[in-house]
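I've put the structures underneath this note.
Shared between the two complexes below is chain A, which has chain B as its partner in the first and chain C in the second.
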Partner chain A sequence: MSTRRLLIAACGFWLVLWLPPARSALESDMALHMALQMPLLIVLGVLLAAAARHDEPRWLASADWLGIPGIVAVVLGTSFWMLPLALDQAIADFRFDLVKFLTLPILVGMPLGLSWRRMPPLGRAFIWANFIPKLGAVGGLYLGAPTRLCAYYRIDQQELAGWTLIAVAIALGITWFIAAFIGWTPSCAQQASRHSAEGAGRQRAFGGASAA
Partner chain B sequence: MTMAVTAGRTGRTAISPRAAVLAYLAVAGVVFLLMMLLGLTMRLAQAQWIDVPPNFFYVVMTMHGAGMVGIAGLSSAAVMWHFVRRHDPVSTAVFLTNLVFFLIGAVLILGAGFIGGFGAAWTFLFPLPAHSGGLWSVNAAASYLIGLIFIGVGFLLLHLDIARGILSKYHGLGAALGVKQAFGLAPAEAGPPPAVTASTMALIANILGIVVGAAVLVISLVNLYVPSFTFNTLAAKNLIYYFGHTFINVTIYMAVIAVYEILPVYSHRKWKTNWAFYLAWVLSTVFVLTVYTHHLLMDFAMPTWTLVAGQVISWLSGLPVLLVTAFGTLTVVYRSGLRWNPAAALVFLGVAGWAIGVIPAIADGTIAVNSVMHNTQWVPGHFHTYLLLGMVAMVLGFMTYLTNPQPRYGFAWLGYWLYLVGGVIFVIAFLLAGAASVPRRYAVHVAQWLPYDRIGSIGAALAIAGVLILVVRFFVGMRTAVLAEDPIG
Partner chain C sequence: MTRSFPVLLALVLATGIAALSFETDGFRVVTSAGARQLSVERAPQIVPNAGLIDQDGTPFTLGAYRGRAVLVDFIYTRCPTICGVLGDDFAHVLQAIAPRQSGAPVDLLSISFDPTDGRQALRLYGERFGAKAPCWRIAAPADAQTRAALLRSFGVVVIPDGMGGFTHNDAVYVIDARGRLARILDRDAPGQLVSAALKVAAP
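Then we have the complex of A and B:
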C-alpha cells in the first residue's frame, strides 16, 4: 500500500473509532475498552509508523538509541492507560478521552512501530517477558480488589475485565512460546544472527586479549 | 596481536568470559559456605547444643532457604553458561549483569532477614508475609520480595540471552532441544550438543517460571501495602510453587552439564547422544513445567484430577533425564581406564547423589505416603540428598576442574571424603528423623528427637569442613585458572 493510502486509511479508522456509535459501544464495557479499543488505537499508530517510516527525521532515528527511548514511551503509555483512574476520566470527560485517542496512536503506537525494529532481540524479548506478567498482575489486581475501582463500571464488569486481561496474558505467553519453539521469527532470527556474529567476534577478541 | 587491538578498539573493559565464570564461582563458594553455617546453626539449635530464640530460628531458616536456592541457581548457571558458550554466541555483559542483579537482590534479602527480622520462609506463601504477628515490618517483607524480583530479572535476562544465542543457530527451541532426534525423525549424530539441549530446557522452564513468579510477586507486594486487596490463596500457592519449584528443580538440569562435559575429558570418551537421550530431555521439559503440583497434594480444594496428574508426573518427572544421565555416566566411565581425580569423582558423586535422592522424593510424591510424610524431616532429607550431594557436588566438581589442572590432589581428596561422609551422615539423620515422624520447620525439638539432631549436626560439621577445603583450594587455584585453558587429560 502506498504511504498516502495508508495515511488515509488510518485517519478513517481513527474517525470511525471516535464517532459515538463505536466509541460508546466499546467504552460501555470495561473489557472491550481495555482489550479491544485501546489495542486498536495502538495498531493504528503502528500503521502510521509504517507510513511515516521513510520520512522519519535522521536525528530522531539516531536519538532513539537501540529503540530504548521509544519503547520506554510505549511502556509508560500502556501502563498509564491500564489504570482505573485513567479509564474513568476517559469516560467522564470527552477531552480526556481525546487525549487517550491521541496519545495511544502517537505516543504508543508510533514509537512501537518505529523503535521496535531498532531494538536488539534481547531487548524485545525482555519487553515481552515484562509485558505478559504485567497484564496478568493487573488482571489479578482487578479481581482481587475489595471494591469497584472505576466509578463507571460495575463490579462484574471489572471482574470480566480482570479475567480478560489474564486470558490475554496467557494467550500471548503461549503464542510467544510456540513461536520460539518452532522458530517462527524469520526477521528476528536473521537479526539475531547478525548481532551474535558481532558478539562472537568481540568475544573471540576478548579471549585472545586475555590469553595474550 | 590484531585480536588484542580489536579488543582495545571496542573500548570496553575486557573481563574475559573465563574470569566472569570464575567470579560466579567465587561468589558461589563463599555463599555456599555461609549458608551451610546457617544450616548448621539450625541443626545445632534443634539439637539443643546452642541456644537460638525461636523467632530468630525462622529468620535463619528463611535466609538459608532463599540463599541456598539462589546460589544453587547462580552456580549452576555458571556451569551452563561456561559450556553452552562453546557452541552458541552468548554475551558476557549479560552474564555479568545477572551477577550484579543477584548481588543487589541478595543484599535486599539479607537485609530483610537479619535487619528486618523477616521469617516467612523462602516460599513467601501468600498471605504470610503480610501477617508477621509483629515480628517484622511491612517494609522488611517488601524488601524480601523486591530482592527476589531483582534476582528473577537477572536470570530472565541471562536465559533470554542464551535463547537468543541458541535461536541464532538453531531453527527454534524445539530443534535445540533435539525434538526431531527424540522421535527418530533426524539422525541423532546431527543432534545438538548435550550442553545446548540442557540449556534449552533450562531456559524454557525458567523463563516461564519467572514470568509467572513476577506476576505473583507484584500481587503479593500490593497486598502488603493495601491489605484489602486479597487473592485466592490457593491460586497464589499454585503460582508461587510454579515459580519456586521450577527454579530449584532447574538447577540440577543446568549443573548436570558438568557431568556431560567433564567426565568425557578425563575418560577420553565422547558423551554419546542417542535418540533416548533427546527423548528424555524432551519429556523432562514437559514434566518440569507441571511437576510443581506435588506441593499441593494436601490441598483438598484442588480438583482431584490435578492431584492425580501431579502425583503421576512427580513419579516420572526427573526419571528420564536421570536414567539417561546415569546410564551415560556408567558407559563413559566403565573400563575407560579413567584415572580418578577429585573433579571427576565429584561430578560422578553428583550423579549418584541425584539418583539416590530421587528415590525418597518419589516416595513422598505419592499421596498415600505424602499424607504421612508431608512436613516431616523426610522432605529436607530427600532434597538435601540431591541438592547437597547431587547438584552441589557437580558444582564443586566444576570448580575443581577449572582450577586444578595439575594432579596435586591430596588436599582436595581430604575435602572430598569429609564432604561425602559428613554429607551422607547429615542426610541420613534427616531421613531417619522423618521416618520417625519428626516434623520439619520446628525451631524447638522434644527430647526424643535430639539423637537425630545431634548426629545430623556432626555430619553437617564434617561436610562443611570438607566443602571449606574444596573452596579454599578453588581460591588458591583461581589466579592461574583465569589465564589457563580447560584442563585436558
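Then we have the complex of A and C:
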C-alpha cells in the first residue's frame, strides 16, 4: 500500500475508534478497553510508522540507537495506560481520553514500529520476556484484588479483564515460544528457505568446481 | 551511537517518569479512589450546601451541620450487599459515641442516590439499623440536580450493576465542623471510624 493510502486508512481508523458508538462500546467494558481498544490504538501507531519510515528524519534514526529510546517510550507509555486511575480518568473526562487517543498511537505505537527493526534480536527477546509476565501479573492482580480498582467498572468486569490479560499473556507466550525455539514465523520461514536454497546453490557450484 | 542518543533517551525517561509520577501522586496511588483520598487529606474541600429530605420527611441542608462533624455514606435502600454493611458500621459508631457525651459532636448521614427511594423506603432502611433523625438521618437529595452536584463534589461514582441495582463507592466521608470534606475513610474497621470521627469533631 502506498504511504498516502496507509496514512488515510490510519486516520479513518482513528476516527472510527474515537467516534461515540465505538468509543463508548469499547470503554463500557474493562476487558475491551484494555485488551482491544488500547492495542488497536497502538497498532494504528505501528501502521503510521510503516507509512512514515521512509520520511523518518536522519537525526531521529541515529538518536534512536539500537531502538533503545523508542522501546523505553513504549514501556513507559503502556505502563501509564495500565493504571486503573488512568482508565477511570479516560472515561470520566473526554479530554483525558483524547490524550490517550493521541499518546498511544504517537508515543507508543510509532516508536514501537520504528524502533523494533533497530533492536538486536536479543533485545527484542528481552522485551518479550519482560512484557509477557508483566501482562500476566497485572491480570493476576485484577483477579486477586478484593476491591474494585476502577470506579467505572464492576468487580465482575475487573475479573473478566484479569482473565483476558492472562489469556493474552498465555497466547503471546506460546507464540513467542514457537517463534523462538522452532522459528516458525512467516518471515523466518521465508528466510530459512531462502538460506537453504542459497546453500544448495552454493553446494552445486562447489560440486561443479570440484568435478572440474 | 551518536551524541544525540543520550539526549533523546534522557528526554524520553524524564517525560515518561514525570507523567507517571504526576498521575500517581509521586507513586503513591494507582486508583482514582486513592487519589481522591489523598487530595482531600491534603486540602479539605468545601461541599455544596445541598438540600435534602430525611426519613421523617423533614427538609434540611448540609450547611445546617456547621459546628458539628458528620460521617456521610452513600447508599440505596434496595442494596442487597454493601449498604447493609455500611448501615451496620454506622450503627456501631452510634453505639460507641453516644455514651461519651450528651449530644455527640458527631452526626451520621446516609444519603440515598437512588431516585426511586421515597420517604417510606428511607424510613424502613433507618428502622433496620435503629437510625433516628437528627443523630442519624437517612436522606434523599431534594432534586436530581442536587443529587448530581452531591455525587460530583464527594467524588462518588454510581454505575448500574447489571442486575437492576447499582455499584458504588463504599467509603465513609467525614465532614468537619467547618463544613469541609476532610477525610475519606475505607470501610473496614468500624473502630477506626469512631476514632477518626472524634478526632475530626474535637479540634
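Please note the rule applied: the second predicted complex is superposed on the first by the 184 of 212 C-alpha atoms of A that agree within 3 Å, B and C clash if a C-alpha of one lies under 4 Å from a C-alpha of the other, contacts with A are read in each partner's own complex, and residues count from 1 in each chain.
Going forward, a residue touches a chain if its C-beta (ideal position, glycine included) is under 8 Å from a C-beta of that chain, and two chains touch if they have at least 3 such contacts.
Please read all numbers here as calculations on a predicted model, not as lab measurements.
Trainee: Can A:Leu172 be said to touch chain B (first), chain C (second), both, or neither?
Mentor: In the superposed model, A:Leu172 contacts neither chain B nor chain C.
Trainee: For A:Leu122, select first, second, both or neither according to whether it touches chain B, chain C, the two together, or no partner.
Mentor: The first partner, chain B, only.
Trainee: Looking at the overlay, what does A:Leu6 touch: chain B (first), chain C (second), both, or neither?
Mentor: It touches nothing on chain B or chain C.
Trainee: With both complexes superposed on chain A, which partner does A:Ala52 reach: first (chain B), second (chain C), both or neither?
Mentor: neither
Trainee: Taking the superposition on A as described, I'd like to know which of chain B and chain C A:Leu36 touches: first, second, both or neither.
Mentor: So A:Leu36 meets neither chain B nor chain C here.
Trainee: Counting only touches as set out at the top, which of chain B and chain C does A:Ser79 meet: first, second, both, neither?
Mentor: second
Trainee: On the superposed three-chain arrangement, identify whether chain B or chain C touches more chain A residues.
Mentor: Result: the larger residue contact count on chain A belongs to B.
Trainee: According to the stated criteria, A:Leu149 is in contact with first (chain B), second (chain C), both, or neither; which is it?
Mentor: Second partner only, chain C.
Trainee: Identify the overlap between the chain B-contacting and the chain C-contacting residues of chain A.
Mentor: The overlap between the chain B and chain C interfaces on chain A is empty, containing no residue.
Trainee: In the complex formed with chain A, which residues of chain C make contact?
Mentor: Per the touch definition, chain C meets chain A at residues 1-2, 4-5, 7-9, 11-13, 16-17, 19-20, 23-24, 29-35, 157, 159, 161-162, 167, 169.
Trainee: Would you pull the chain A residues touching chain B in the complex into a rising list?
Mentor: 121-122, 125-126, 129-130, 132-134, 136-137, 140-141, 143-147, 169, 173, 177, 180-185, 188-189, 192-193, 195-197, 199-212
Trainee: Which residues, counting only chain A, touch chain C once they are in their complex?
Mentor: Result: residues 59-60, 62-65, 68-70, 72-73, 76-77, 79-80, 83-86, 88-89, 92, 148-156 of chain A touch chain C.
Trainee: If you look only at chain B, which of its residues touch chain A in the complex?
Mentor: 1, 3-4, 6-8, 10, 14-19, 88-92, 94, 156-157, 160-161, 163-165, 167-175, 204, 207-208, 210-212, 214-216, 218-219, 222-223, 228-231, 482-483
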